[in-house]
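Quick one: the structure is below, and I'll ask about it shortly.
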Amino acid sequence: MKKITVGIVDTMFARCDMAAFAIDEISRKFPGTAIVRSTVPGVKDLAAGCVILDKGEKCDAYLALGMVGKEPIDTQCGHEASIGIQLAKLQMKKHIVEVFVHENEGKNEADLYSIFEDRTRKHAVNAVLLASAPAELAKFAGMGKRQGRADAGQMRKK
Amino acid sequence: MKKITVGIVDTMFARCDMAAFAIDEISRKFPGTAIVRSTVPGVKDLAAGCVILDKGEKCDAYLALGMVGKEPIDTQCGHEASIGIQLAKLQMKKHIVEVFVHENEGKNEADLYSIFEDRTRKHAVNAVLLASAPAELAKFAGMGKRQGRADAGQMRKK
Amino acid sequence: MKKITVGIVDTMFARCDMAAFAIDEISRKFPGTAIVRSTVPGVKDLAAGCVILDKGEKCDAYLALGMVGKEPIDTQCGHEASIGIQLAKLQMKKHIVEVFVHENEGKNEADLYSIFEDRTRKHAVNAVLLASAPAELAKFAGMGKRQGRADAGQMRKK
Amino acid sequence: MKKITVGIVDTMFARCDMAAFAIDEISRKFPGTAIVRSTVPGVKDLAAGCVILDKGEKCDAYLALGMVGKEPIDTQCGHEASIGIQLAKLQMKKHIVEVFVHENEGKNEADLYSIFEDRTRKHAVNAVLLASAPAELAKFAGMGKRQGRADAGQMRKK
Amino acid sequence: MKKITVGIVDTMFARCDMAAFAIDEISRKFPGTAIVRSTVPGVKDLAAGCVILDKGEKCDAYLALGMVGKEPIDTQCGHEASIGIQLAKLQMKKHIVEVFVHENEGKNEADLYSIFEDRTRKHAVNAVLLASAPAELAKFAGMGKRQGRADAGQMRKK
């Protein structure tokens, strides 16, 4: 497997140390992967954060980690942040795996915490594979894979 | 008919192997068409997936295959993914035929499965024709063609 | 009046042959205007369709003709298509006159048909004038002109 | 004060001659300011209209004048038009002062007419100052200035 | 700490002198930081305002300060303004810290005023640190930092 560098951009707004999950997961599963990391205030700063990191570091793929608050205006902010991330991907011609947790997704704090951890860890693996061994992902094509929750699984013809 | 290469980008999130339908359809109807394929985690990764595939493969047209989940936040994600795909088309000046199935479109699982298959197969043909024989599509202009369901047909002046 | 070329991109999804109205109108009112035409599957393919047509044909203005279905998801698709068309205009620095008919606009099929015809014919004239004689449009500035329905007319100071 | 050229793009859809207000206001308050003017069908054509005008005229700032209809689909069209105008500003690196009047803003026709006039005249002044004497606007920073209605005024610390 | 220049763009529409808070905060905490400032009519002019300021001044980071009105159409305008700011960041490859206060956020005028002050002061610090000492922000990664209100704090595993 090709040795790569992953850029991680996370936020001060999130209520969970998402980058720590990503760094731990990548270090365990893909030792030798280089990681660079940058922190921005909130989700709307993630797209620019990736592009600015890319000016100096030229990572092979990026992880954009953020939490979206629970008010309707927060949902709109998350939407704007996602549009920015779409633009940044196409400008860099690189994958940015967007890992957004919505504050109102969890049934309670423990559930929310587990979504943070599960989604971040699984997408950290996805980011590494997209840049180093993309054919690995094709094994799971159409399999109903989920991050944050259990997999939905594949539908079969009835 | 011009020999072409079609790029297929599909997702791990979808609950159906959409790429398999597309590959089968193209191979039967347009033998000799080259196909390259790449898998990404979810719909928001499709636009970047097409542009990244295009760096190496220079396909003549792309198919972006994905499923949009049933929650309101999934609909928003699908919207962001579609904006990204619009941007990618204009950046590459190539067609990306977007094949999105919404998880809540089906009356039941069997119906949903048939939408997956019908829409993907028909749009696979469209993608090939757009790149190899675009005049073929003009024969169906204004005919109320549908993918996923039966055609709506053309209105006539009363 | 300057002799120009108009590019028409229409869809297979529409339930009415919109391009036929546009071609008829332009041929009658502006004989000598060159027309090139391309058909794509649906409204989301119109922006790329114009940009791709422009690579070979270098038209002076474009008409993007499409129907938006009646479900909420169709309205979202129309929105995404329109954003793409905005992007395409600015990329080409040319006018693309967007002629969208929403399937639920009509009181009945006959009414819907008349909207298709009236809007397409009037906007076909607009597209020609924008490219060949833009000062002609200034005569109608602020006059409440409508395509698809009767003009709303100009408000007067009370 | 620097002598400048202002580009005005207005629409046939509006029910009021917005450009006439802008031209009158600029001529009275800033004699010697050059004005070029172009008319397009509706608000979705304004962004391209500014960029196309800029190809030939190289104005220092632009006014995009339009009316948004009263139906929900019109609001969506206005949104798409505004996104296009944002894109056009950044592409040209110039200000386009967007003057949109929503048909349902007025309590009645006389009120709507006064919004058209007040908003257009005030923003015409803003467009000239942005290009010729931007420091003039800083005098009103945070003062709750409104166009179309009376100023909201500045909040004071209680 | 690197000496930097911060560009501040604020609006005439806001009902509070946001730039004054930002300038005071930066001058106290980071003496020696150069500040350039420009005022535009409203939030939709902020993105272009930053890009135009950058043509002459080449600031290291920008603050875009604005108020979003309380009507639904104002929320839409704020959304359009934010999309423009996302585009401007990626075009310049620089951070623009967006400081938007929504007029209906406050429980009353005194509360609204305190949101204006708190959010602007905290984000002014963020803008300086993003450009001069980005590693400082990583100390607060995932800590639930808020601007405008008290911090939400970090969740702990239960």
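Order of writing sets the labels: A, B, C, D and E. Residues in every chain begin at 1.
Keep this in mind: a contact is a pair of C-beta atoms (placed from the backbone, for glycine too) under 8 Å apart; a residue touches a chain by one contact, two chains touch by 3 or more.
Just so you know, these numbers come straight off a predicted model, no measurement behind them.
For the pair chain C and chain D, there is no chain touching both partners. At the interface between chain A and chain E, two copies of one sequence, fewer than half of the residue numbers in use appear on both sides, so the contact is built from largely different positions. A separation of 40 Å divides the Cα centre of chain C from that of chain E.
Residue positions 79, 83, 87 of chain D are each in touch with at least two other chains.
For chain A in complex with chain B, the touching residues are 75, 79, 82-83, 85-87, 89-90, 93-98, 102, 123, 126, 130, 134, 137-138, 140-147, 152-158.
For chain E in complex with chain D, the touching residues are 10-20, 37-41, 44-45, 47-49, 51-52, 55, 73, 76-77, 79-81, 83-84, 87-88, 91, 109-110, 112-113, 116.
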